[in-house]
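Structures are listed in the sections that come next.
In what comes next, chain A is part of two complexes: it sits with chain B in the first one and with chain C in the second one.
Take a look at the complex of A and B:
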């Protein structure tokens, strides 16, 4: 069984988001980069499914050359191959991205790698458009389940669970299928130092992305960091000496005692 | 025409769907057009009585012999066909798992653009939408332009008020029978397995005691559990604590975890990263216990105690126990 996990490189913002002067992107000059926790889980799931059923696990991203960092994270986790759909760094919208990924899946199939399972995060960490996985599935004519937190594959059928209030909805779909996952579906492994070193040397596949948005327009105008109430907290005290003040707050102000 | 997809439980509309109806109605008013609703399920028609209060003029009850229970692609396909039938310029959905899934499928069928988790939508002079939407779980806003013969928007959860219309309507109920192929019906809920409900769900707790990397290990959560018990609340955690393997992912508060809205969130040994804060910003109040007076959470909290949680929490537990 061949499994493809699709991920997106995003800045690893800390306690405050700072924008560039033109308000077009996050000022990442002092930041590292990462991917969504959902996508780390997608990679882990791809690897686990291949460990259980054989085949090969691939990682793919659409992004600038620097996004090879996220692909190498996947390789270090023991994915077998990685593909970069290399952009010039400009942000791609959800529909063009989906089109480019669907085209890449077709191209990889023409080159001999047919994927039985395509995994995505349910939404990306940054833009969170909630649609790329579904649109890829529809372009390829494959069934799609989203927001999945448990997945088993048995005899060519994916048994996928989604959390709902009070329990779990279970879907059964025939492969090939598309599944978008949420953090919690598994515990992504830590790559060993050795695996990271090896991943650095591994060859990556570079492809030119070909994707069109289609009818209508959805385009970013600018970003805005919303006002937050950063009036410092009232300091109740230092260490255990503050306990009487905490009790007072719980009793009189919040009334939970 | 503005078409709103309304989720319901046995004929009672879901709260987020009612919030989305407020957005849908404001768009209908701005565009001088009518508001229609798309509903699924056996009790769908019963919804009509409820939806009149929100200014819905037509309730389209989607029925099909093979439509039993939730089937994302079939629902999306049906909404798309209905939007075409009604020549609806916009489909509005609630910002829920199903809302997003149905809209994404409808958008794929219609080859139409979709903006998820909107918090404000204005209709420009040229009819294009100038909207604001959540990025990064709500810690960043995107201003965007959305335009098209058909377009889809979702209303971010709890960003729009549930508001009755100035004038109540008496909606007509129309049965809509989509034409569905086998392929639209291949994904459907096969069964629902009930979970083991233990304690109070994080999203509903009045008190949440959160523990982060500062807790230092799995065993020290006992002190936090005890505090939560004393206050009738439940324990949450940061992603750092979950990555360490100290707590299950179900406990995670934040962008990729639970969103909480307690009366008080007591954040112990948590630094206050934006991805954590978007999960707890619905809290009435926040008390931070942290050794670092410069920690970002202290800026964002109402009250702070600067100190070691391992000293503060046990003593607090003792003090509360002594009171009662």
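Take a look at the complex of A and C:
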């Protein structure tokens, strides 16, 4: 079984977001880049499925040359191959991205690699459009389940579980299929040092993506960073002695008493 | 200890609450400061500086005595706070060259009083079973090494500080310094985003942000942030059977400039081998902008590639654990200085402002203690001259210089660094007016305090042949011994002793003091009597209150209210700070720095008088210009000033002229000397061979805070009536029996066990008959303070402090060098010159 995990290079968002002067991008010079946690799980899932069923695990992204960093992370996690749909760094909307990925999946099939399972994160960590996986499925005419937190494959069928309030929905879809996964489906591994080293040396496929940047029905005007609350935490007191202070705060500041 | 009230005033403000600031707070409180404000722009306990991401191991043995003693003392303190784990540490060697270096490590361990021994491959395997022994040749074991918890230690020290002064410590985290208020050259207040605090004294202990804080006060702390790459790999199943943080010695894989150390179930792998990655401090992000911390930016992957290969080679079993992955990876930012040593002490252009920066975890508690001692009583128990922030004063504080040297020095961190190894970058920086002439003569320039000084001249190569017979047995065959050395030095020496040589510029610090109170002021500074006749010179120790050496230098009286102080180049910045800080506020004393305006040319040797007289307007006869006096003279066209004295023990003068006329002075003397075959002579003679034969002491080698004039044999001034700094301790030391006396020794037999002739270079331990390192009653090891060949006495000479039972002329001892022991004999106990003991040449 061949599995493809698709990921997106995004700025690490673990700290205050600083925007570029034109408010068009995040200044990631202090943040560094990563991929969304859901997508890390997609790669892990691809690898685990291949470990269970044989075949090979691929990782793919659409992005600039720098996005090879995320592909190498996938390879270091033990994915077998990686493909970069190389752009000039301009932003591709979800529709254009989905078209390019679908085309690439077809091209790879023409070259002999048919994917039984396409895995996506349920949404990207930066734009959170929730669209690319669904659009790729539609484009390729494959069934799609989204927001999945458990996945088993048996006899050409994927059994996918989605958490809902008060229970779980279980879907059965015939392969080939598209599944978008959520964080929690598995525990992504830390790459070993040797695997990281080997991943740095591994050849990557560079393909030219079909289509062009943009391609959405929305136009980005500018980004705005949310206000952050940088007030310091205050210790009101220790043990029972703190009660009067706490009551005072709840009454006059929080106004819940 | 309160953290909510920001005070309007504090006796002492410490900027930075990493391990250094906390240690300072504790030790200052213990030393008697009662009202201390400790602030940091970050939160506690980890404000986000280098303390928060260090690998926290302490390997005490360093080739620097100062650094070894600071680390030893720090281990004691961490241990006392229950924040130290004694794991031991092993430096492994992959090459024969490194094995020789590890023998030198054993030598340094012995000299500085720290256990240390060589290990065979089998012994390493037993202690650290996961090391790949196929690729190593042996190792150096430091049983005293271990790991610490600096954040916990910081908490303990804050609590202890507060206890010591009964709540007198205010801690203010999340407080950013906005400006430093300086008035009339004095620190007045620190302005922060929580308010402005008036301060009696301020210490900058802000790690890699220190230069920014210093800049706000108009001064410079020369350091740069640099990346030290570090990753953590785990969980490693091998470690699961062991409890606690660390059960195996820290491993330093020296030849790859890396370390591997257990941390619980993880292995921390750190590297100094990657290309130097220096940061501009303005690019270091704020706490809010940093995913981990400001000093933990993301790992630069491509720089770490070779490090991964090397780590996988040395500890493959651990790193190939199928469960283990790289859980944490950073470009850890730390502070790097132009010479790798910390930046401590008073920032002399702003009274009351101190630097305590570029300090690593392993030495921080001891440095906090030593700087606190320095601040509160003027001297520290451990001599800090190698870390004095003023050593770069006036030349080495530019960003360009700091970056160039940090870039070069980063690659030396685990390197094999020869004691005489020269820096290559930012040169030439400070040149005397003789530089071009010397360059034409094939000078091999060595650098001191930025000055380019010829060590020897290739143009004198003929002298090696000429003195072939005298040099028999003194030439060095071993590559290490002869690295950064030339037999030409010995030839120049003998030529000078037989004819005449010209030496310069020595890079001296030159300070004029003028004013009606200058005599009183200088009397308080010097051991020697200063109130001498105009035209006289005084060579004198300069002491701290403990009676230890701050410096030794020459003072010349130029007029009733005018003196000139001449001091060694390396000590010039520190001496300038010492003298400047001791001028009383109400005294009529002005210090004028002549360092960059006067050059110095020494003319010495039996023919020196003939040479100088032939071009000088004045009478240079013995009667007209007696020894140890100074006069204005005119040499050719050049109006100059000269002192008749000599650090090489010869007749002659140090001639001081305006820099702008220096080349003319050089040419005039060189031309006049042609008839006498005058030769340019390098600092190899001035600083080593000539000096050693005369038993002259050198600050930073023989003379340190840890030794007294009585021990150094420099009590010829007796105890003068006038008060001076250190007088009480000085007088007491004269009365008491010396715990150790500075001696001159000679090497009896140079043959190593393999039969090769070896020549010690300095810092080797002195052993008794049974091979044990000699230790005096104050716990100080006997070691070689200076080593150098004395061609006129035909011996390789060593200086060392020896306890009374060994400080006997004719006493046989041993010196350990590169793993072998060599017999030596005490030639002189005390300061009597081995060559020309009555100083007839100087007085001729």
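One rule holds for everything that comes next: the second predicted complex is superposed on the first by the 223 of 257 C-alpha atoms of A that agree within 3 Å, B and C clash if a C-alpha of one lies under 4 Å from a C-alpha of the other, contacts with A are read in each partner's own complex, and residues count from 1 in each chain.
Here is the rule we go by: contacts are C-beta pairs under 8 Å (C-beta built on N, C-alpha and C of every residue); 3 or more make two chains touch, one makes a residue touch a chain.
This is a predicted model, so every value here is computed, not measured.
Please indicate which partner A:226 is in contact with in the superposed arrangement: first for chain B, second for chain C, both, or neither.
Only chain B; A:226 stays clear of chain C.
Is A:15 in contact with chain B, with chain C, with both, or with neither (first, second, both, neither)?
A:15 contacts both chain B and chain C.
Any idea whether chain B or chain C touches more of chain A?
Of chain B and chain C, more residues of chain A lie in contact with B.
Name the contact category of A:197: first (chain B only), second (chain C only), both, or neither.
Second partner only, chain C.
Let me test your reading of the model: by the given contact rule, A:210 touches which partner, first (chain B), second (chain C), both or neither?
A:210 contacts neither chain B nor chain C.
Check whether A:52 is in contact with chain B, with chain C, with both or with neither, and answer first, second, both or neither.
A:52: touches no partner chain.
Both chain B and chain C contact which residues of chain A?
14-16, 228, 230, 232
Which residues of chain A touch chain C in the complex?
Of all residues in chain A, those touching chain C are 12, 14-16, 18, 29-32, 69, 72, 189-194, 196-197, 200, 228, 230, 232.
For chain A, which residues count as touching chain B in their complex?
13-17, 26, 36-38, 94-95, 123, 125-131, 134-135, 138-139, 141, 143-147, 161-174, 182-184, 187, 213-226, 228-230, 232-240, 242-247, 249-250, 253-257
Would you pull the chain B residues touching chain A in the complex into a rising list?
70, 72-73, 97, 100-101, 103-105, 107-109, 111-117, 128, 130, 132, 134-151, 154, 183, 186-195, 197, 201, 206-207, 231-233, 239, 245, 249-250, 252, 255-257, 263-264, 271-275, 284-288, 293, 296, 298-308, 311-312, 315-316, 319-320, 323
Which bits of chain C are touching chain A when the two form their complex?
Per the touch definition, chain C meets chain A at residues 43, 174, 231, 233, 269, 283, 285-286, 288-292, 297-298, 301-302, 305, 308-309, 311-312, 319-322, 324-327.
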